[in-house]
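Okay, here's the structure, questions in a sec.
By written order: A, B, C and D. Residues from 1 in each chain.
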Amino acid sequence: MRKADLIKTPVEHFDITQHNVVPLVEAMRQMAFSARDLARAADIYDRMVQDHDCGIILCLAGSLISAGLKKVFAEAIRCRMVDAVVSTGANIVDQDFFEALGFGHYVGPEELRSGMFDAELRELHLDRIYDTLIDEDDLRICDDTIRQIADELEPRPYSSREFIKSMGAYLERKGCKTADSIVWEAYRNDVPIFCPAFSDCSAGFGLVAHQHERGERAKVSIDSAKDFYELTQLKMRNPTTGLFMVGGGVPKNFAQDIVVAAEVLGQDVPMHKYAIQITVADVRDGALSGSTLKEASSWGKVDTTFEQMVYSEATLAVPLTFGFVYHRGHWKTRTGRRWSQLLEPLADGQTRGAEAPLELVKNP
Amino acid sequence: MRKADLIKTPVEHFDITQHNVVPLVEAMRQMAFSARDLARAADIYDRMVQDHDCGIILCLAGSLISAGLKKVFAEAIRCRMVDAVVSTGANIVDQDFFEALGFGHYVGPEELRSGMFDAELRELHLDRIYDTLIDEDDLRICDDTIRQIADELEPRPYSSREFIKSMGAYLERKGCKTADSIVWEAYRNDVPIFCPAFSDCSAGFGLVAHQHERGERAKVSIDSAKDFYELTQLKMRNPTTGLFMVGGGVPKNFAQDIVVAAEVLGQDVPMHKYAIQITVADVRDGALSGSTLKEASSWGKVDTTFEQMVYSEATLAVPLTFGFVYHRGHWKTRTGRRWSQLLEPLADGQTRGAEAPLELVKNP
Amino acid sequence: MRKADLIKTPVEHFDITQHNVVPLVEAMRQMAFSARDLARAADIYDRMVQDHDCGIILCLAGSLISAGLKKVFAEAIRCRMVDAVVSTGANIVDQDFFEALGFGHYVGPEELRSGMFDAELRELHLDRIYDTLIDEDDLRICDDTIRQIADELEPRPYSSREFIKSMGAYLERKGCKTADSIVWEAYRNDVPIFCPAFSDCSAGFGLVAHQHERGERAKVSIDSAKDFYELTQLKMRNPTTGLFMVGGGVPKNFAQDIVVAAEVLGQDVPMHKYAIQITVADVRDGALSGSTLKEASSWGKVDTTFEQMVYSEATLAVPLTFGFVYHRGHWKTRTGRRWSQLLEPLADGQTRGAEAPLELVKNP
Amino acid sequence: MRKADLIKTPVEHFDITQHNVVPLVEAMRQMAFSARDLARAADIYDRMVQDHDCGIILCLAGSLISAGLKKVFAEAIRCRMVDAVVSTGANIVDQDFFEALGFGHYVGPEELRSGMFDAELRELHLDRIYDTLIDEDDLRICDDTIRQIADELEPRPYSSREFIKSMGAYLERKGCKTADSIVWEAYRNDVPIFCPAFSDCSAGFGLVAHQHERGERAKVSIDSAKDFYELTQLKMRNPTTGLFMVGGGVPKNFAQDIVVAAEVLGQDVPMHKYAIQITVADVRDGALSGSTLKEASSWGKVDTTFEQMVYSEATLAVPLTFGFVYHRGHWKTRTGRRWSQLLEPLADGQTRGAEAPLELVKNP
């Protein structure tokens, strides 16, 4: 195997604007099983977009960006179909920001999945995600870019949201090398991105390098409690919310928990009014990733009137659900929340979160 | 449904010391499928315990403690079969520490799984994890205990490891209300516990309350980069390592990544020499939780000589594998790493990590 | 719950002719995971249709017809995209033939999935398939129709293929009450349908009633060995074959086995040249349903050049793959095999299977 | 790879008599998830054995015998813990009868699972079942033995049950080459075995060869309707029944359906009073294999008072559940049904099924 042969076919991102799947999804509504569930999930997402009180939180777990879903989510941000993102670190840093730096993901030959070639891949500095390849050398540059960004920041605790905003600013400044980037679109549309386990990815490598160099000196740290506090504040300021969850894991748990966190802070907020999850995780091992949204309602986190789980791998269900809502077009009359503005300290050093009128949020 | 009726049958934790499963597991070695894999995983774990150079990292994801596996892991820590723990927050805070405060998990009636009673459960302040119930009022006390611990700490960034050590100290001081506690045993045996997504649990609620009260004043923050840095340092000081992973998610990713992080810090360390994962996650969605350990070897994280995935829900496979190694008894001649001592600042304010001879680690 | 309310929304069958999914599937080709696999499966199916030497065998397991996929398969038969069908009995008798008699499947309210209403459903004579309902009284009429068909046949052993042909003749004679029927289209297009476990469905009820009434008198029996013999003969007469398998189970095993059966009969035939399987079954329990097509190649059953498994629930993947091949349109220049003619005894009582020139098969 | 190296380690069958798992299973009763379900399933099976009115039907799907579970089921038959078996053909013919002829299954090297060596295996005449190997040449002898048995039988339609009884008689006559055989034990204990898709295995190859040789002459055929009729008669004669299902597929469907079949024949019988299923199949694709036992109750097939699904691969759950019931020992005072005697024609050519008093069944 030669490295050049292995990385000649790039992953291409699905473009929801090019495929009007509305009739297709509507034809699934009176079928059964996953098709029916998918159609109902698409309807609920469409309803979220039409509910102008609703803040929409997108949760991402799994290797979604490397799989060709980057443009779907970037488009959704551009089209004000998403107001906040909660994600695993890999999607945001190792995959989206990585591509924004000019690097790519590659379609690996089918036989690599057997696992019999992984030692060879390691020799070639190629990392494998199931059927997809990444150049490890490129990834190291991504790690190092994170380190540079950290080096340039004032040393203090940051929420991952703040740090990711700096990554967006970096792209704005240096130029984004790709037409679509979640980090960059989010930066430009004031959509906050949270990675509650931010060290668990390329960002971790960069930050460890930063902290190692700083030694006993003041350094940047990532305060995951601040992440939670910030997202909770958004819920408190915008009580009607909906979740679109792709996969489970930390993002699902984190985003669901803010309802309870608001209550802990003394403000009763309604449960998430809408909730969709696309997953293949099994319910029977009791783990959160596969746990039903009804179970979440016992915890007071998710209302059950508009909830739908779709049993499907994401590369099939995400293009259809997002494409449906895109082509239904109700986002055209929706105002994005621009929640980043709500969270960011004003020039005078105050957080305007608590005081700012909600109207300000709605009409940035 | 009356609340009292629903929480009268406590979950009972499996006691590996009471069941010599060695013959049972050995009888599975020449069967096929999960039985054979389970026997091989048990053999590899036993080999880890016999390899006196090997530091053993236990990774926990899923609702394991509420499911009756607490005593297994507490025993493993006591018996020097584990040198560090990387876990989701729920296992450590909402479930283990929660029980250490005197609260319990309850066997729910079978029909609750249908999801049809979750609204009633919410009214009763009962949270459901598939077939198991928790009193939400108790959980709020747990949240608040975390807040109190945070309030008493010097305001600065902490690794989750440091914070969890404070939770252990709290139990030591106030009394642990249960015979077995992972947090407490880890505290007493200098076994560090890392929760890389520490806000994603009851700890998050307590810390949000703490930060909210502090307002603009100095406050405790949780530095997830520091977690990663600390665990990487352990790998650098103790290059031979093995992973026992129950479930996937952030703990799996985090623990695997330290091999690369060490390299980023300029020290070539070997891949994890041993790796076991118990999971029901599917490999075909490309997500990390179900990704093979061979795939991890393409990333340079896990060696493939002694790796084994076991396709089983954890409540079946964990008692058998840990019970096997317990009754094989090689832990009796093993010296625990007492890694917490390696990480903790000495009285003079220096980290002795870099300087301390490895012998010190081996013979605390 | 009132019965009338529960069965007012019929399942509607997906119509591949109405949705040109070619661009959609092509856009998935350079994504990853299930999307990429689905695109490759669609390409392989398209290749089968273009390979004029290839006889195409469709294998059906799972509740596919009740789920809204009937019209897809009926269309594929009409369009000469399928030359033989191997199915579980339920799809063919309880679901397709049942609808051809004028009965329907109904979209059940979401809460039925909880399983908490099944006793009530039983009282109402409603049978549940996950989220779908059937009127048990209608099903009894279907059972009885099978009994009548058996009563009118000459008493002797029949292959399920022969019996199902009689069901098609029944529909031809009495009128098919629905625009699309697999049984009827297959009858009219000389596409043989095999149900190797034919008693395992509504047909079983009718045949048991028939045999019970006949007592010691001569009766119709269903010879599953004859089924196997017939399908093997088709393979021997038409050595190049491809399988499109939806689900696993008996149909998968049965259709794969004919390669070996031909060899047992003294004729070396090539392995199935093409093989696609859509399934969510796990590979790790060692059962056939989830076993890889590579594994089948160790048995000498399936070639591995053009094989693809797609990890997806069928209601999502079947419309996309069949729709792709339909709109690519290569079936327009393909000649159907009309294999039923090959198997059926001629007027003079001889089977023309062994003697008839293959040309005859190709140009009925 | 050399063939001799690949088949030197035989699969060894688990021996429930050697492992008293009662305390282990009892310790799982108040855990959660699969452990709790497994303990409850074991309790229900134990209850079946204690209910002297209950006829126990064991359903087998998946590659269970090759996986090392043969001795478990043979022991269960010997100990009167099973009154009838419904199975896929492979377990009974290709695997159990195959071993009774003196052939074996072999532990394959781990890397074979990658699928990368299947072409080599084919060259070596080695068939792979996930991690296990079979010598194809041996399998052909098994096929041919079936042909011989068919050749010696009077040409007429047989139920698979009748044919399998002849296989038992063959072993009795020629000598069973292994200490444990389901077919042989069933023969000697008058336990009927049904394979409703009997051609879907090695038996199919033998029978196809038989029918091919016979040409137009009278031949043995396998009447799957007769299978269904016979099992239904057993239900009618012994209304209280319990199912222990390993896997799903045709055996599950077939055994559940007999309740309805009895009704079709004009006799109201109770639903199966007890039902256990061990499976990893997912419920969400709507297929029967993973469908809940509650769903079956909507069809009037399974009562829901004593039903339990266990989410586990069979090699883990079968030894524990059967071992539990074996060591509880209630089978010692149970009388086997000896149902084969009920079905078999008497010397005078009459079926005594309908007339014989039930007492005769209970005390053969």
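Rule of thumb we're sticking to: a residue touches a chain if its C-beta (ideal position, glycine included) is under 8 Å from a C-beta of that chain, and two chains touch if they have at least 3 such contacts.
Just so it is clear, the model here is predicted, and its values are computed rather than measured.
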| item | value |
| --- | --- |
| Same or different contact residues where chain D meets its copy chain A, judged by the half mark | same |
| Maximum centroid distance from chain C, chain identifier (CA atoms) | B |
| Chain A and chain D, separation of their C-alpha mean positions in angstrom | 48 |
| Between chain C and chain A, distance of the C-alpha-averaged centres to the nearest whole Å | 41 |
| Residues of chain D engaged with two or more neighbouring chains | 32-34, 63, 66-67, 115-116, 129-132, 280, 282, 284-286, 311, 313-314 |
| Chain C-touching residues of chain A, taken from the complex the two chains share | 9-15, 18-19, 21, 23-24, 27-28, 30-36, 38, 63, 66-69, 105, 107, 129-132, 280, 311-317, 319 |
| Sites on chain B touched by chain A in the complex | 61-63, 66-67, 88, 90, 115-116, 118-119, 121-122, 126-132, 136, 140, 143, 157, 196-201, 204-205, 207-212, 220-229, 232, 247, 249-250, 253-254, 257, 260-261, 264-265, 280-289, 291-292, 294-295, 297-300, 304, 313-314 |
| Touching residues on chain C, where the partner in the complex is chain B | 32-34, 111, 114-116, 282, 284-286, 311 |
